[in-house]
Amino acid sequence: MQYRPEFEAALRVCSACNYHDRMDAAERIALLLDEPKSFIEIDADITAADPIEFVRPSGSYMDRVGKARALTNRNEAIVCGTGLLNERRVALGVMEFGFIAGSMGSATGEKITRLFEMARRDLLPVITVTSSGGARQDEGLFALMQMARTTAAAARLREVQIPHICVMADPTLAGVTASFAATADIIIGEPGATIRFAGSRVVKGTIRRRSDVEDHTSEWVQQHGMLDLVLARQELRDTLAQLITHLAPVGHTRNLKPKTQPATTPKPN
Amino acid sequence: MLDFEDDLNEIRDRIEQLDRKALQNPNSGVTQELSVLRLELEARTADVYSNLTPWQRVQLARHQERPHTLDYIDRLFPDFVELHGDRRFGDDPSVVAGLASFDNISVVVVGHQKGRTTAENLERNFGMARPEGFRKALRIFGLAETFNRPVFTFLDTPGASPTLEDEERGQSWAIAENMGTLARLRVPVITTVIGEGGSGGALALGIGDRVLMMEHSIYSVASPEAAAAIVWRDSKYAEKAAAALRLTSADLLHAGLIDRVVPEPEGGAHRDHNAAAENLGEELRTTLKELRKQDIDTLVESRYDKYREMGEFAHHETSATG
Amino acid sequence: MQYRPEFEAALRVCSACNYHDRMDAAERIALLLDEPKSFIEIDADITAADPIEFVRPSGSYMDRVGKARALTNRNEAIVCGTGLLNERRVALGVMEFGFIAGSMGSATGEKITRLFEMARRDLLPVITVTSSGGARQDEGLFALMQMARTTAAAARLREVQIPHICVMADPTLAGVTASFAATADIIIGEPGATIRFAGSRVVKGTIRRRSDVEDHTSEWVQQHGMLDLVLARQELRDTLAQLITHLAPVGHTRNLKPKTQPATTPKPN
Amino acid sequence: MLDFEDDLNEIRDRIEQLDRKALQNPNSGVTQELSVLRLELEARTADVYSNLTPWQRVQLARHQERPHTLDYIDRLFPDFVELHGDRRFGDDPSVVAGLASFDNISVVVVGHQKGRTTAENLERNFGMARPEGFRKALRIFGLAETFNRPVFTFLDTPGASPTLEDEERGQSWAIAENMGTLARLRVPVITTVIGEGGSGGALALGIGDRVLMMEHSIYSVASPEAAAAIVWRDSKYAEKAAAALRLTSADLLHAGLIDRVVPEPEGGAHRDHNAAAENLGEELRTTLKELRKQDIDTLVESRYDKYREMGEFAHHETSATG
């Protein structure tokens, strides 16, 4: 085990074994953007409703959401907005695993859909970072339908030549892998991240951080042809910048502000 | 088979005995008793079926005598030519796909296919599609678009096949690509849940301009057993989970997640495939007529708008500080 | 072995073992069309030139072509034209295996390309029947380029919503499998037909009719997802008629004559 | 290595010896002898290389020190990001593909990749692509079209991989689909044969608006060994086959099957990767400029017309009677 501050400085990567520890959304945003303060969050106030009034033995869905909110200081399992990467404004959606295992409910889906819609309207390249247990059971079929609508919103980007690059962080499972994430134009895995379809039955709960088997790591998934790249965190920003330069529409190269106001008042991050 | 039918089955047995008796001896004087029993059966069936619990519907949706995709194709889609293979890796019998006639035009039909016997189910992988099944469907969706033919899909799966081999060939990628393609396909797409609509494996064939459900079918983010295992830490609680998940056609129509419920014949579709198919056929004809009136750009954008609305969320003003 | 006339009557299919013997182009045309006399051949006069002046130990390429012509009474390894199938006019190209092992040279490629171009112009569904050892070595790179141009011509059909259905008969190998044939919208194999990429090295010469192994039969190839159907010869015409009804443009249903004259004078077949 | 270079190598060895001597003892008076030898080497190299037989060119085209796709990418395509995988089955290292810069715009680069050492060649399968290599290329061609980026492809393969496993995953289908896609791709496509252009495996990456060949590369319907085995029933006759097949850049330019020959530095591209890349870079820049002037519909139809003309045939009037 490492001396802690050094580990933090190293982007939560262990210099001895290359273990990539999970980052929260704020850390991730700081990692990816030129400067964290270039981030303008959108839709921060969107949060879960209780469409099927689901109750677990451990409490109601709304209790769970409340605890997640207290734990993460977020209203949902994804943080969305725009920011500068290599001086170009990009749309950025980063999942917050600490919020109910990054699971995708209606509010999560709404935020992702709005992110893609904003990118389409303002011609911004999109970067998503996934870390999720999959669809959020507590919303029943509403949760499943988030797969449909986020994927539909992502599919429309291609029609206006806007690239979507997805970074699959640990873990990317089930309903998130099998929707907007897997349809990205370029997919990058983080070293050692668990990426799989069969999520919940194998990766139990939110405590266990990595698969015991090597079967479903980024490296394994890449060998099977599903990922473009597996990139160490240290290389991530530069490569994303290159990819965006290569794919993004010509003539939108620097410091472009969103053309229209986001649906909710942006808050500096 | 269905334990909530025990009473009904007793009456059915009695009717069968009397029928045989009447056949052997036309003067046995059981005619009146038979009419009474038949009326009683009808009344009690109506009673049972109008008060089914979610768990009872799960059992009905999975009933092995329930009509499956090929049963509906046989009855509603003449000139069906089944097409095989993904042109990449294999042919997956858990998905059937092909060209057919419907209401005097040529259409494309794709659906999950369960077996009825154990042997059939092993061949069909219990209706759990593999990546090559989804990719066969994808190819056929492409044909539909190229040749401008409407698409009918039929959902009947416990979920996508989740083995290591399926992961190897990119099960998530196959499902996601199908959803993205269906969401933007430039022909009308009509989807019907005919039995079990299970999770992403259903959705991979299930994004359409209209989503119909057979009355006793179910549609769910996870099987009740899986949800019970996750939420109650024991699959014994499947019945509880079935109720909590709101997976019945009535609940989902009420929630606005599906467009129409197709009534099943008294006692369920498994009791009368022809009547079930007739009801479905009528709905499909009406729906197709509606959709064919729209120009294709409007249709595709309406399809987007339809899914755009599927979600209930709230606003919480004391927001994160990032 | 069967009594011969019965075998002929049975479309060269052995009733005992379902062996599908090779048919020549005329037999095939008779099998597929409503009536053989509905066939209007095009480009019958197109024949091989000698683009690289190739000479084998056994003689010059032109000698080979001369012998093939004498043997088959054809000028090339494919017979092209239009005919009525289920009262609808279709474009039909049937390879003649007897002509230099059905190999594809410039003249073969020219005829196939013209067939696709005619179909595109006159909005006729296309049926091809392949039986070929692959690209014709005697024409060097000219032969390879026939893969490119026949495939390009086939690809343009899709843009005008004209279906191409390919029937792969025994054998369909190498440069023909890997070009216009494999890009067909629907592909049907004949029972027991050898279909493979690695043609010449495995199937030696033109005498051997079937692979010893079961590896590369239609049935095997279908199992691997590459063929839509494997159909006994007896079912072929009816299924083709159904498929064409399903895929062909609406409103061109009966007895449509080619809109323009074919490039060479049609001859009744 | 190359037996026709034996004489040249003798002179090279002698020059090296004298160079060492001169280094050890600056007054050894070998300077004049060295200049003479250098002039002689130049003259004899020019002589040998202006009279290469087809078989000698085959050997050059296959030379292990010859620049391969990644060598050209290193020198001509800055900001290269390699992309992996077909999103279906696997990642095939015998094909490299990615995004890069060229002449200040972003482009797509795809090529066969041979190794130099035995270990590398085993990893790269000697440049023989598997179906998943072609399908990776297909996916990247799709990216090029979606994002409107020109495509450069580089051909360097003995042919497509022909094993049973490749047949299982539809090698013919993979090749054919790539050809059909490239033929209609709605961005400029420039193809260069840099080494061995072998058969359908080359063509699967090789349909373009312009086809260039490096001076000493070859392009053939079959390898000389395979053609010898088929035609002369013995692969010993490969040298004879190499001549008969007309596979050199000069022959193919003359035949109208390629558009341009890129000169190689004296003694072959393997002697000076930088010079070879510089020559190629210049041609690619000129060619891309030409193509970018055309609107895309014209470009795609011109591409069709270009291949439309590739064939020599005759008419024979005493036609068949059917």
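Labels A, B, C and D are assigned to the chains in the order they are written; within every chain, residues are numbered from 1.
One rule holds in what follows: contacts are C-beta pairs under 8 Å (C-beta built on N, C-alpha and C of every residue); 3 or more make two chains touch, one makes a residue touch a chain.
Nothing here was measured: the structure is a model prediction, and the numbers come from that model.
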TODO: Determine the set of chains touching subunit C that also touch subunit D.
DONE: B
Task: Remaining touching clusters (ignoring subunit C, no chains moved) - done: one piece
- [ ] By the contact definition above, name the pair with the higher C-beta contact count: A-D or A-B.
- [x] A-B
- [ ] Could you tell me which chain lies farthest from subunit C when each chain's centre is the average position of its Cα atoms?
- [x] A
Open item on the list: Distance between subunit B and subunit C based on Cα centroids, please, to the nearest Å.
Closed with: 42
Open item on the list: With centres defined as the mean C-alpha position, give me the subunit A-subunit C separation in Å.
Closed with: 52
Open item on the list: Need the CA-centroid distance for the pair subunit A / subunit B, whole Å please.
Closed with: 32
- [ ] Check each residue of subunit B and list the ones that touch at least two other chains.
- [x] 87-89, 169-170, 173, 177
Open item on the list: By the touch rule stated above, which residues of subunit A touch at least two different other chains?
Closed with: 224-226
Task: Chains touching one another, given as label pairs in label order - done: A-B, A-D, B-C, B-D, C-D
Open item on the list: Taking the touch rule as given, give the residues of subunit B at its contact with subunit C in the complex, in rising order.
Closed with: 79, 81-91, 99-101, 105-106, 132, 136, 143, 146-149
TODO: Sort out for me which residues of subunit C touch subunit D in the complex.
DONE: 25-26, 29, 39, 41, 44-52, 54-57, 69, 72-75, 79, 105-107, 109-110, 113, 135, 137, 139-149, 151-156, 159, 174-175, 177-183, 196-198, 200-201, 215-216, 224-226, 264, 267, 269
- [ ] Using the touch rule from the top, collect the residues of subunit B that touch subunit D in their complex.
- [x] 87-89, 131, 135, 169-170, 173, 177
- [ ] Please name which positions on subunit B make contact with subunit A in the complex.
- [x] 160, 162, 164, 166-173, 175-177, 179-181, 183-184, 199-200, 203, 206-207, 219-222, 226-227, 229-232, 244-247, 252, 255, 257, 303-304, 307-308, 310-317, 319-322
Task: Partner subunit D, residues of subunit A touching it in the complex - done: 158, 161, 163, 185-186, 222-229, 239, 242-243, 245-247, 250
